[in-house]
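Structure provided below as structure tokens; questions to follow.
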Amino acid sequence: MTKKETIIFDDDAFEEGGFEDTLTITDQRDQTYLDEWIAYYRDYAREGASATYIPALAEADASQLGIVMARPDGTMLKAGDHDVPFTLQSISKVISFIQVCLDYGISEVLEKVDVEPTGDAFNSILRLELHKPGRPFNPMINAGALTVASMLCERTPEGKVSSTLDLLEAMLGKRPGINEQVFESEWETAHRNRAMAYYLKENGFLDCPVEDALNVYLKACSIEVHTEDIAKIGLILAYDGYDPVTDQRHFPIEVARLTKALMVTCGMYNASGKFAARVGLPSKSGVSGGIMTVVSERAGSRYSPVPHGGGIGVFGPAIDDYGNSIGGSLLLAQLAKDWDLNIF
Amino acid sequence: MTKKETIIFDDDAFEEGGFEDTLTITDQRDQTYLDEWIAYYRDYAREGASATYIPALAEADASQLGIVMARPDGTMLKAGDHDVPFTLQSISKVISFIQVCLDYGISEVLEKVDVEPTGDAFNSILRLELHKPGRPFNPMINAGALTVASMLCERTPEGKVSSTLDLLEAMLGKRPGINEQVFESEWETAHRNRAMAYYLKENGFLDCPVEDALNVYLKACSIEVHTEDIAKIGLILAYDGYDPVTDQRHFPIEVARLTKALMVTCGMYNASGKFAARVGLPSKSGVSGGIMTVVSERAGSRYSPVPHGGGIGVFGPAIDDYGNSIGGSLLLAQLAKDWDLNIF
Amino acid sequence: MTKKETIIFDDDAFEEGGFEDTLTITDQRDQTYLDEWIAYYRDYAREGASATYIPALAEADASQLGIVMARPDGTMLKAGDHDVPFTLQSISKVISFIQVCLDYGISEVLEKVDVEPTGDAFNSILRLELHKPGRPFNPMINAGALTVASMLCERTPEGKVSSTLDLLEAMLGKRPGINEQVFESEWETAHRNRAMAYYLKENGFLDCPVEDALNVYLKACSIEVHTEDIAKIGLILAYDGYDPVTDQRHFPIEVARLTKALMVTCGMYNASGKFAARVGLPSKSGVSGGIMTVVSERAGSRYSPVPHGGGIGVFGPAIDDYGNSIGGSLLLAQLAKDWDLNIF
Amino acid sequence: MTKKETIIFDDDAFEEGGFEDTLTITDQRDQTYLDEWIAYYRDYAREGASATYIPALAEADASQLGIVMARPDGTMLKAGDHDVPFTLQSISKVISFIQVCLDYGISEVLEKVDVEPTGDAFNSILRLELHKPGRPFNPMINAGALTVASMLCERTPEGKVSSTLDLLEAMLGKRPGINEQVFESEWETAHRNRAMAYYLKENGFLDCPVEDALNVYLKACSIEVHTEDIAKIGLILAYDGYDPVTDQRHFPIEVARLTKALMVTCGMYNASGKFAARVGLPSKSGVSGGIMTVVSERAGSRYSPVPHGGGIGVFGPAIDDYGNSIGGSLLLAQLAKDWDLNIF
């Protein structure tokens, strides 16, 4: 396989024709396909850098790139650096949102947090002042996630991040741990999140003490997973809350649909519109380099290794200015195009 | 059929359980179903009001509500006030966007206008000052649509709105007219659009004289159609640019996919996120009360009258604060739920 | 003296001719003049309300109004409710700013906080995000005052609010106390100030721990004084840092000039421009209803009881939407006009 | 005289001690003093550049610097490039504001335009959207000046810029001309001003057709004057609307006071706060490099050549990022310090 242009959020690369010119790989085995593209996009990733605003994340190896595809029959396709542990970061916003919907019901949650994309950076505070009464615009930006975290708090924050961990344990069949080093690092540099939390408190959109909400929020961000874990959760979302492998329902269809809609409109930070336009797969990214992607049952195409839908986990710590994995985004764009997975 | 709760953008109604409690109608004929829901939602619409900022639109009858569903076999389901002519308004943004992609190619268009939702009102100018270099965030808000209109201008504006009309004529099999009364009314009250156009000009995102761009933009807004016309265009979008009835391709798959992604993230003004979350169908609304909706081929469900996808046109001139038809939004939410059309 | 129209920030009253039509009082004794106007403007004040966002302030009697004029010969003119103790609130921003200039020198202070008016409310956070690198616009809004407070902090906040108290003690000849009830009330409801402090911390404009800066800031706000105390400080500012009564210099001329310029451009919250235009006296207000005003030596007019300059203290707890004493503002406008004290 | 550090808006220069370390010049003749400082600050100016956004202004010689001081006895001190003609640009905002107050009365003017500084750039449009109902914040920024221009328009714009010219002719004893080359240049590149004017129109703050208001506004900006002309107007403002040389009153005291207050809080673009803090003289600048400054009668110091007040005109076309003459600002700061002219 020779190098060639591909899709990237950078308009130049996009313009150079990523969508138009691609390998015909229908006759290649899926594994080979994934291996080759991983190798190819690793070079792009090397030009990026890992997140620097959280010291503990800055140490990641920018050239890493891995993928796992989870299928409804329980099999998985894996390629690249899929066995490197990483922290969920913003991907946890999806899990916490599902959990809070389970705890309170969709309607009560939506009173506290809207589901509208903003076009602003994930840590922007502007809108809380500009729009009365200061309800966060969606649960995928920090402001909304802090409101969700505050709803998850009952008595003790310790007790409540465990509700997020409980949901993860149920879905993954194992209880993930919290990376304490990352948590400490985030906790100590969380000035802007604290600013946002106090602002929400002032406006009546933070139900528990600020420090508790931050604790729950940052603990959830610091949950350590592997690529296959987020692929697995993607599979459950693809099946609208039901796990076809274990034959278990984890959350109702309505919650799954709402969550996937949110992933499309708000899941890739303030590049969500571009990602929807160019990739077209419900996805949620984190600044540690993970992307959790859903191929809904009806969106799975016969050309793909997931004809009946599935979940995709990607990990590549080199991120762009929006906070999304560079290699991961490119890889997903390639797959979506070659395998006709775009939901639109 | 008795009255009952339903989905509405108003959180209260949503909270009261719209999603949960609905009629079982699988045994009813589709026509009866549509007739009854039209009658039902007309009452909601009556509480709203037609657009007032364009004098000529203020005269519309707020109690009107109509629907047309266009199927790939050429048949159509129609109910309610489907035969009332109305102007495209913002729905024209979709047509012009497709046309400009045909004229310049996607890449060149995206250099001039981004595809990112904003959370701001359709006529907001803030973002052009806040974000350098002032590229409009997406072609579904006025700023972006003006940039698109300026690209459509060549020599004479007269000549160029005709390229939009040409595309419409090709798709509809007849050439729609321009409602000159509405155009005059818009032209005279277009202060804010003019402000935006001059601001874009200053920033280098308006390629032709301001007055020409406005002429093209407002002429396109004033194109008069019927509900079945937008249903028909929805059908062509559902088939990715191909008309299954006439066996004609009008635009490439890539343009169709991009357009549908934009409709999901930005199509319902700054209620797009809410509409995606609660209805989940690519749609574009206009302040005259029209909504053009797409049921993609793969999203059509076997429960529905459009198992192989189709287009839906809705018309109901009573609009909410966002600018979307109240009755139309509720009707679409009902259909999407009852017939399992949500793409997520 | 009969009732008549007067100056008020409300444009209507202003329009009705406040400036044009006033009593001729040159033949009245100054005391009588003050007594009568106090009585007159009390009625206006009654229509207002005391600050509600700090519970402890909400209890104040809205009909109170008092004034003290301090002259360079040590005599004072007093009228109305001049003996009611109140907390400094934002007036403390002036004292702390002077102190921090003494501690660090003007240049170092101005690196951390600009001296530019904003037009925004005192507790606005917008500008810290909109303008890089997030340096607060001036020390008279909360953001800037928090930066100043953080500079005043050395080891312990306890130790450092005492530097503000030290300056006050030197100027007043007595050490004011802190109203602990008010402090507690402010401390518990300081969510928005905390948000701002953390945001400043993130941007590098808060030199000490957030809680320490808040402690110093809110303690300074809670310092309890009488009207004559702020009149006395006004006198020292009028004499550019020198107390003509005790023959002591408290701060350099440059600091005094800078402070008075700031009071004119930023001293009356986001009504500073209006106050400069309509009253024209360097002043700083607080939400507890105090206003500290300076009649510079060269601005004192021969018509006035302060021909060689002096300080004016006003107290009237009914405040307008900007946070300024209603009765106090009107009274000062009357004085400035009748006695030709406007510096412009 | 050797080179040394001086005051500049750049904090570094300020910090290096401009205020503290200056020549002792009390024994020098004023003319020599001015000549030497002109020569000295010309070097600073050379580092700047003339305005580029109006093509016709870009040709100015950045090294020019001139000053004229107009005294109440009719004599003038002149130094440097005082005989170079230049266009008023924003200095015209002062003249037009005075004229509109004469035409309508202060109260009616203030209903249409506030007198509050903003901290935003002169051509910012943000605030018109953020603050309802969109009344411009002050007449010294473009938005407010356009509103003022629209009020000056009666039937024909031609007729109405002549009311501004009439006021100038009365004050200067000669009728200034309009630099048609500059006017054409501004007219053709006025996209942003047009945007602002249409926005104001939409909000109800533009009383005449947009093109007429722009014509009046840009014609007023293009009025050509010499440094002595603005010095002369400064003198009239210093004497509150009265010309002590010709013994004529041109406008009432109230208008003069209001105008001078506006010059202090808003006269030097969004460096007005800094200029008030560091120079302390009511001034209005224009992007062509002029600054019109007022030494009020009571602010004139016995150390200065204007012990009874006077007007200062400065011209130096190299401007800083705010739009203010670099050499001119430095020169005024030097004078204000050495001659004790600061009004605070």
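By letter and in written order, the chains are A, B, C and D; residue numbering begins at 1 in each of them.
In this text, a residue touches a chain if its C-beta (ideal position, glycine included) is under 8 Å from a C-beta of that chain, and two chains touch if they have at least 3 such contacts.
Per UniProt, the chains are A, B, C, D = Glutaminase.
Note that the structure is a prediction, hence the values are computed from the model and not measured.
Chain centres were defined as the mean of their Cα atoms; on that basis the chain farthest from subunit B (Glutaminase) turns out to be C. A separation of 30 Å divides the Cα centre of subunit C (Glutaminase) from that of subunit D (Glutaminase). Averaging Cα coordinates per chain places subunit A (Glutaminase) and subunit D (Glutaminase) 55 Å apart. If you average the CA atoms of subunit A (Glutaminase) and of subunit C (Glutaminase), the two centres end up 50 Å from each other. Each of the following residues of subunit B (Glutaminase) touches two or more other chains: 130. If you sketch which chains touch which, the chains form one closed loop in which each chain touches exactly two neighbours. Contacts between chains, counted with the stated touch criterion, involve the pairs A-B, A-C, B-D, C-D.
The residues of subunit D (Glutaminase) lying in touch with subunit B (Glutaminase) in their complex are 124-126, 129-130, 191-192, 194-199, 201-202, 210.
Considering their complex, residues 11, 14-17, 19, 107-108, 110-111, 114-120, 127, 137-138, 254, 256-258, 260-262, 264-266, 270-274, 276-278, 280, 282, 296, 298-299, 342-344 of subunit C (Glutaminase) touch subunit D (Glutaminase).
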